[in-house]
Amino acid sequence: MDYQDLVRDAMAAAVRSPLRGRVADYIPALAEADPAAFGMAIATVDGRVFGAGDWQQPFSVQSVSKLFTLALALAEGGDGLWTGVGREPSGNPFNSLVQLETEHGIPRNPFINAGALVVTDRLLELTGDAVGTVLDFLRAESGDPAVAVNRAVAASEAEHGHRNAAMAHFMAGYGNLRNPVEDVLTHYYAHCAIETSCRDLALAGLFLARHGVRTDGSRLLSRSEAKRINAVLLTCGTYDAAGEFAYRVGLPGKSGVGGGVLAVLPGRGTVCTWSPGLDAAGNSVLGVAALDALTTATGWSVF
Amino acid sequence: MDYQDLVRDAMAAAVRSPLRGRVADYIPALAEADPAAFGMAIATVDGRVFGAGDWQQPFSVQSVSKLFTLALALAEGGDGLWTGVGREPSGNPFNSLVQLETEHGIPRNPFINAGALVVTDRLLELTGDAVGTVLDFLRAESGDPAVAVNRAVAASEAEHGHRNAAMAHFMAGYGNLRNPVEDVLTHYYAHCAIETSCRDLALAGLFLARHGVRTDGSRLLSRSEAKRINAVLLTCGTYDAAGEFAYRVGLPGKSGVGGGVLAVLPGRGTVCTWSPGLDAAGNSVLGVAALDALTTATGWSVF
Amino acid sequence: MDYQDLVRDAMAAAVRSPLRGRVADYIPALAEADPAAFGMAIATVDGRVFGAGDWQQPFSVQSVSKLFTLALALAEGGDGLWTGVGREPSGNPFNSLVQLETEHGIPRNPFINAGALVVTDRLLELTGDAVGTVLDFLRAESGDPAVAVNRAVAASEAEHGHRNAAMAHFMAGYGNLRNPVEDVLTHYYAHCAIETSCRDLALAGLFLARHGVRTDGSRLLSRSEAKRINAVLLTCGTYDAAGEFAYRVGLPGKSGVGGGVLAVLPGRGTVCTWSPGLDAAGNSVLGVAALDALTTATGWSVF
Amino acid sequence: MDYQDLVRDAMAAAVRSPLRGRVADYIPALAEADPAAFGMAIATVDGRVFGAGDWQQPFSVQSVSKLFTLALALAEGGDGLWTGVGREPSGNPFNSLVQLETEHGIPRNPFINAGALVVTDRLLELTGDAVGTVLDFLRAESGDPAVAVNRAVAASEAEHGHRNAAMAHFMAGYGNLRNPVEDVLTHYYAHCAIETSCRDLALAGLFLARHGVRTDGSRLLSRSEAKRINAVLLTCGTYDAAGEFAYRVGLPGKSGVGGGVLAVLPGRGTVCTWSPGLDAAGNSVLGVAALDALTTATGWSVF
């Protein structure tokens, strides 16, 4: 199978539609992203990677980082994580406080903001440096030492982050944070502000396609935990459009408002796309379209 | 692969745990079910079927019927269905009215009660006889002419069905039902009160494993629509425990409070289990445990 | 004090503003109301009544009837009523189902639709004829034998009443109705469809100004129960604008979407206004304005 | 009328019931309050004050301070306040975030915590020193220079104040705070931690009985604004039990979890009670019982 051609064809199919979406503009640093940017990479379980377009250009990973904090918190601390965060779809916007109040400060899943704050809190508790742990992992798996936090973006997130602060304080009020609210927010904003490329993310996500095994052959997670993460990705990974994504793409995946989407083909590889224009649910328009085209052409789907 | 042994081993593994759950008792007819009943069947895409335990004993299919009403409504009427019902997880109990109010009478998905009422309404509109259409389909796919509605159960559901009536009237108030509320409820209670066996349900579900193709080789649904149903099953098919089911079993599936669970292995076959004891989310304890054991032993999982 | 002049001055002040609101149009029978109609009456505890404009013209009392069903249910059955309906403001639209679900089928107060359905149910249980009991009371207190139900309006309400039916079924599901849902709805629609005039309503409401004593000197309610009703009127009587009404008018009052408002001056008398144009909260624009002008001119206010 | 006797009789009636409630224990400083403490004072519009029991002992005013911040913010800034906070009952617990989310960061009324934070924010903006403004007012009206903030209580509130911080950040995210969140919280905790006595509070509240006029004869608020505050007190002043308080006491009033209750008799005077044992809604058990007894004995009630 010529992966290079697959990537090119999927991208070509995606741009055929005139829809481009809107670049996230809730913070200035993201609003400056080039709406025409578009990249895509496929990585295979044997470590090869193929790409096209802006596939090597770093972008703000935003919520895609939550896949890695989750995996690392489970790797470091095990199943105990699930006492503080659920594994069910939320049925509510990613930053809603309503369900958090109804369910006593336990977020529905690790990919809504509240849940990701809990995961960050635990990873911070376990390692002493949540964002450093994520950076080390991304650099090791991608072989790219340049993966880094954009401090301006992190600062901008913090400045506009009243709702995240609200959720963190709210959960702290229920005793569901173990570090000071400020520290949790700092690490959360930092890992969301990591910048890296489709290439790097596709490589870094391969442990999920390998059922828990890292690039160096060591085991990060049990097969069961890797399956768990894939399940949560499929049901909760793409904001309030997980059902739609499951239908169109049919793969576990995680999106971010920076325009990145990382999808997993269990046993086979990963696909990462990037284009900053977002749909109403916050998922990259071209990215999802390319994944749709790719999975339709290849039959890659878990269903 | 010896499917017969797989079934026996999975059932043996399930009963090893002392957990049995509670039989549904919201209507007398269901409360009488034997808590020790337990059956399991595997059907393969080539039409073979294997089972053990009470796999040929009819039971009340309840919400498992919603898988078939959905497929038949899509087969008869196509995509227009999705204007009246969503495809996203609800994050709320299956019979909640809250989300229905917030979202203007459009249920979140076809498997919560409100969504199933809309699907029943459309199938009734398209065919003139929703429950008859389901019965015909189940009989044809299973080759079992004895599949039938238990009228006593249907009557009992109607008698205790104030909440379903509330939801139906509520949606009618938003113009989201096309038939009189009473008619929709009658057909809804009737198809939920269908009684059939693990054997029959496993065979009747094979069209989803065959990507839309019926037992007689004719196409019921496009490959895309079959994929859609599998996606909705995975994200919404097991009440408010879809994430948990996706993790433990890793297959699209639909459960009912009669104790049945029907799961799909795309491209390969189906598995149906039945045991009336339910967990807190309303899913069969032994049924899910057997599916867990089976998929763990075989590696069958979409992830 | 020249009450006749007070009424004329208050009406004149009200029409000085150009605001007229919108006539309720959710059922055709109400939509036909003349938006220019405007009447006002003052009744004093000694039984005199003064009016101007269309103060003797019958109109659809709608929710104003809920004041009388509440008083009569308390008079017939006593405090037990409060186990099935609360006495606190709802903070939600009058026909919302959300709070009903959160609070297990017990409506917040007797003046939101759900609460009024419970009151109707209890009055029906206590008397065998809820609407007849209300009619008898209105006729006796007003001395007007012509007070009657407009059957066409009642039928139209029933036809468009899916949401009320939803609430009734929902509460029945919680065991909070003692009569069949259909019967409760029939009596509810009937008493809402009663037609009578400002004059009659002002006279019929005097028992609240007389701390529970009827026109014939007999006691309908204890002083304490009359105070209770006034308190609930003040906090809950004007839909989701009770705070605004308490500020502008400062009197306990009940409004209806037919455009009527009945207000109580404890110890002194009652005021009833009617004009079909409604504000966004469902209260009569001219009616509230006239009450505002009257209470500002006279200093009549409980505060 | 012998006010001294009235106070004594009301207190005697209150203690006849064995119910005492529970002292607030969400912060240690409040949990230390003596559950047997009980005081009551009546102040008349001509400036006389009568009391019994612990009526001169300072206690933590907590939410009773919100009455004064509201009056002072209106006095300083006028009606503009109402663009940032509503005037309707909330129908939700005093510290709920749900409604705040549904209604886009505008709290329902000035007496739920979120609304009080907005009022504090505006008073801080208008005066540069919210808590200082409140202290000056209380000292001037009561003639007691010893009214002061208990810094330990304020610090303890801040330490346990994650939910208030959550609400403040949440509203800041909607642009509904004009000062930094930290500053608003500091002033909020400080004015809640003011300590003063029934005597002082009764005197300080007289401006509401005098329709807006202070002890020195100057006008703090227009008659209309004073009426507004009384209306909001009646509908929203006693947490989620305003309907119950309106019924039992029948007066505008504000309670605090320190056990204080300040009630207003428009045109006549004020009553302040204090006893730390609270009912489930957060209102003083003995305090409300004494007000109930007093108003029953005297007929003082707005209804």
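Order of writing sets the labels: A, B, C and D. Residues in every chain begin at 1.
As a working rule, contacts are C-beta pairs under 8 Å (C-beta built on N, C-alpha and C of every residue); 3 or more make two chains touch, one makes a residue touch a chain.
Just so it is clear, the model here is predicted, and its values are computed rather than measured.
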Chain D reached from chain B - shortest hop count over touching chains: 2
Touching chain B and also chain C, the following chains: none
Most distant chain from chain D by Cα centroid: B
Separation of chain A from chain D, taking each centre as the mean of its C-alpha atoms, in whole Å: 47
Computed distance of Cα centres, chain B from chain A, in Å: 32
Interchain centroid distance [CA atoms averaged], chain A/chain C, Å: 55
Residues of chain A whose C-beta touches two or more other chains: none
Chains that touch, pairwise: A-B, A-D, B-C, C-D
Complex interface listing, chain C residues touching chain D: 86-92, 99, 108-109, 226-228, 230-232, 234-236, 240-244, 246-247, 250, 252, 266, 301-303
Chain A - residues contacting chain D, complex: 96-98, 100-102, 162-163, 165-170, 172-173, 181
